[in-house]
Amino acid sequence: MTIHEKGSAPAIRMFHVHKRYGKRNALVDITLDIASQEFVFVTGPSGAGKTTLLKLLHLVEPVSEGQILIDGINLSRIPSSRIPYLRRKIGIIFQDYKLISTKNVFENVALVLEVMNVKRSQIKKKVSSVLRVVGMEDRMNSFPLSLSGGEQQRVAIARAVVGDPKIILADEPTGSLDSDSANVVMGLLKGFNERGATIVVATHDHDIIRSTGARTVNLLDGRLEEPVKAEVEA
Amino acid sequence: MIFFIKRALLDIRDNRFMHLIAIITIALSVLIVSAFVLFFVNASEILNTWKQGVRVMAYLKPDVADSQVLVIKQTILGMPGVEDVVFISREEALELLKADMKRQASLFENLGENQLPDAFEIHMVASARSWGKVEILAREIESVSQIEDVEYGQKWLGRFSSIFNLFRITGFAMGALFFLAAVFIVANTIRLILYSRREEVEIMRLVGASDGFIKAPLYIEGIIQGAFGGVLGVLTLFAAYLAISANMGEGIAGTFFQLKFLSFGAWFGIIICSMFLGWLGCYLSLKQFLKA
Amino acid sequence: MIFFIKRALLDIRDNRFMHLIAIITIALSVLIVSAFVLFFVNASEILNTWKQGVRVMAYLKPDVADSQVLVIKQTILGMPGVEDVVFISREEALELLKADMKRQASLFENLGENQLPDAFEIHMVASARSWGKVEILAREIESVSQIEDVEYGQKWLGRFSSIFNLFRITGFAMGALFFLAAVFIVANTIRLILYSRREEVEIMRLVGASDGFIKAPLYIEGIIQGAFGGVLGVLTLFAAYLAISANMGEGIAGTFFQLKFLSFGAWFGIIICSMFLGWLGCYLSLKQFLKA
Amino acid sequence: MTIHEKGSAPAIRMFHVHKRYGKRNALVDITLDIASQEFVFVTGPSGAGKTTLLKLLHLVEPVSEGQILIDGINLSRIPSSRIPYLRRKIGIIFQDYKLISTKNVFENVALVLEVMNVKRSQIKKKVSSVLRVVGMEDRMNSFPLSLSGGEQQRVAIARAVVGDPKIILADEPTGSLDSDSANVVMGLLKGFNERGATIVVATHDHDIIRSTGARTVNLLDGRLEEPVKAEVEA
């Protein structure tokens, strides 16, 4: 494992991680370091295991084998009562958005802050400002089912970043967006990255990867396509 | 806490349809159980008024002096379970007998000397009016030397007690059954509601909500549902009661018996119970639910 | 049709959890209603056996010739509602009286001539054992010229009838209430289930399924749920019945009264009813549901 | 309206169609002809009204104003009992897939044919073959929730085409697909088009539009960006 110079300790370390769903191998022997404050793309064709990788990092699924450390904390050792606190440090954009359909846009985004016990006035301010960035400020009172696909995705993005997380996991965050909106979103993520967040984006949009020029991790059938030799930067 | 109550209320607004169903379900369950309890209480009441007729007669030996009568009366009054003792002289007894048997009154016309014994009529306190206790009392009275015989309508009381027991046991069994069924139904309804909201709960967990944060408003909702359901159930029962007792009034005007409704305390108890029901329904479903 | 039944069964497999809840809910509803009916039937039975004790005494005038007695007996037997008529001569009456009143038997020792009247004891058919009918019969018997007086325990019968009426009306009202509540609960449960499956139904419509195609398996599922629920409910009731009547047996051994269970026809009827309940639940929820 | 020479009568005609959700104008005065056997792209940024347009054509939503004719049938006049029969002529791929999560892949796709009363043996054959084309043949017994985003999308595509519809409406059919899979799907749609189906694809993926070279209808804020002058072909 090479130690990355950008940031201090790696934000995410995966050692020989396997993930099996029944007999199906979704991830095979993944060993990967992501430095603190790094920006990483995960790519690969449909079914390669991108979403699975992010789910493991967010403790949505348990690993089948191997170890994952986030900020030095071993995810297999963490007691289940601590999981919520860990998740509050991570913002996640799900491929299928996962908005609560009985709550409106504002409430969906505000939920993240309510969970953290942020004050009401504070919540209002933060939610409005983040919705403004993704261009959904005037839809605060709409319900997810009355939004277009791209609008839902933008709400999901707002929710992921509203809590100022140290790590942002984004699963195809621009899949439903036209190129202009996509650029806005990528700009937003880069801004967070510059202000210190570690960012992992799963995507199959090579235009975006090219325009960003960050490190790319390539998955194929659950395997790392080429052992990622972390290029020593600076 | 206020925050959680607010969230619970918002939640009820967001999920009106399902909360309405939960409330109706709780109301119906409350209605069923309390209707049965009311029915049972009233029926018991009827049987009890009959039981009041139960009395013990103690007949004195022919040669007991008048002066001793009071002493014996005091002795009997001192026995456990005795409420009141009335002395009935042989003359009174004959009059009562004649009145009782108008038809056969002619029999007594050419009657010689009054050979009836003096007697005590003994009334018992309500709690002692069971067959077993009456028998024990009768034996005790019999042991008084001046008492010749004790009569207490064994057969009647026996039949009565067995029926009363039957009634009581089935009543309790059915009340318990209905109650359990109500708990199940409410728990199932809430489980179904949570099931249809499992995605929402799952999403909340994914954005870092602790179990407490998720559960607190659900419990509060359960309790609020329970309260609404309970009030609705009791009100419906009261309406049904008014309808029935109005009907009754016509049917058996001037009857000795008055339909009873639940006391205010019982109302209150039922509503508390149904709040508990809402809570319990939540508890049972959440337990299984948050595991999965 | 077979295709739809197949689809219904597949569907039950796919939605086990919710079908299980529906079945349990139906079973509990069936249990509650039929338990109450059973209770009511048994309690009515008890009251009925008491009512059997109701009889009418007709006293003959002192000077009626023996030859006329048979004629009068035939006349009374011909009246509507009369089941049996027993002649009780004045001698028999005295013996009965003496036996009845052991305590006061001494009274009769120095009795002169037997001045009791001859009498008929009249038993009535079960259906005529209501207060009103007994009164009518009594008046009719009184109009026979050789009859001096008719006695039929007015007070006792009156009290009894009013209680019986009370019991019957509340029983019916409660049975109806329970039944309605059961229908509501089942309909709500199925509505909730359909609600949690609304997306699936919506998707089926989007791929070109007609309403019939969507509804048919849902109805079949409802009926299957009803059948399972009904069987489960009746079996549980039967178990409870066995438990209670075993307890009873000890409690009042050798009692005159035997707990009854439902007849086979009633079993069958309940299961048919609960299938109907499943269907109705579907119908009520689908009506509102496919509109929206 | 110019009469298209490819195909006979227009498969889809829209006359001054408006669609309002409450006060929000999702579509404003759309007048558009799509010829029988034509292949048309609908583009526009997030929230432009692409999905709304397809929903109107599939009778998911009623128009607020104006008329739509499909195969000469006026959609506002059709009795609701006929709607299922009309829908069976149209294959649709929803942006959010809309798979039934309690049914497995095979059952989801087979549903379309069951609805049409196709024989069981026939269903088996057709479903297998269409799943083979989208590369999901070996996942027939999986449930939608255990599929990756792209896999779900491919099942949705299979479902849309399995009934050999005369019209295929596709809403972002390649949004979750890597470029290879996307090409496969576009090839599939082109094949159907060549065999006589009319195809309308809503997408924001300009690569795909470019590679296909078909007519493009551009939406912006619910309006046609430039009145579509149908180029006379052949």
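Order as written gives the chain letters A, B, C and D; numbering starts at 1 within each chain.
Everything that follows uses one rule, which is that a contact is a pair of C-beta atoms (placed from the backbone, for glycine too) under 8 Å apart; a residue touches a chain by one contact, two chains touch by 3 or more.
Just so you know, these numbers come straight off a predicted model, no measurement behind them.
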Fill in the blank from the handout: Taking each chain's mean CA coordinate, chain A and chain B are separated, in whole Å, by 63
Problem - Centroid distance [mean C-alpha coordinates] between chain D and chain B, Å - result: 68
Exercise for the section: Take the average of all CA coordinates in chain B, do the same for chain C, and state the distance between these two points in whole angstrom. Expected result: 22
Practice task
Provide the list of chain B residues touching at least two other chains, using ranges where the numbers run on.
Solution key: none
Completion exercise
Residues of chain A that touch at least two other chains are none
Handout entry: Arrangement of touching chains [line / ring / star / complete / other]
Key = ring
Fill in the blank from the handout: Chain pairs that touch, by label, are A-B, A-D, B-C, C-D
Handout entry: chain B residues within the chain A interface of the complex
Key = 7, 10, 14-15, 197, 199-200, 203-211, 213
Problem - Complex interface listing, chain B residues touching chain C - result: 17-18, 21, 24-25, 28-29, 31-32, 35-36, 39, 42-43, 46, 59, 97, 103-104, 106-112, 115-117, 149, 151, 159, 162-163, 165-167, 169-171, 173-174, 177-178, 181, 184-185, 188-189, 191-193, 195-196, 240, 243-244, 247-248, 251-252, 255-257, 259
Problem - Residues of chain D that touch chain C when the two form their complex - result: 58, 60, 81, 84-85, 87-88, 92, 94, 98-103, 107, 111-112, 114-116, 159, 163
Handout entry: Touch list for chain A against partner chain D, complex
Key = 21, 43-47, 50-52, 95-96, 146, 148-151, 153-154, 171-172, 175-181, 204, 206-207
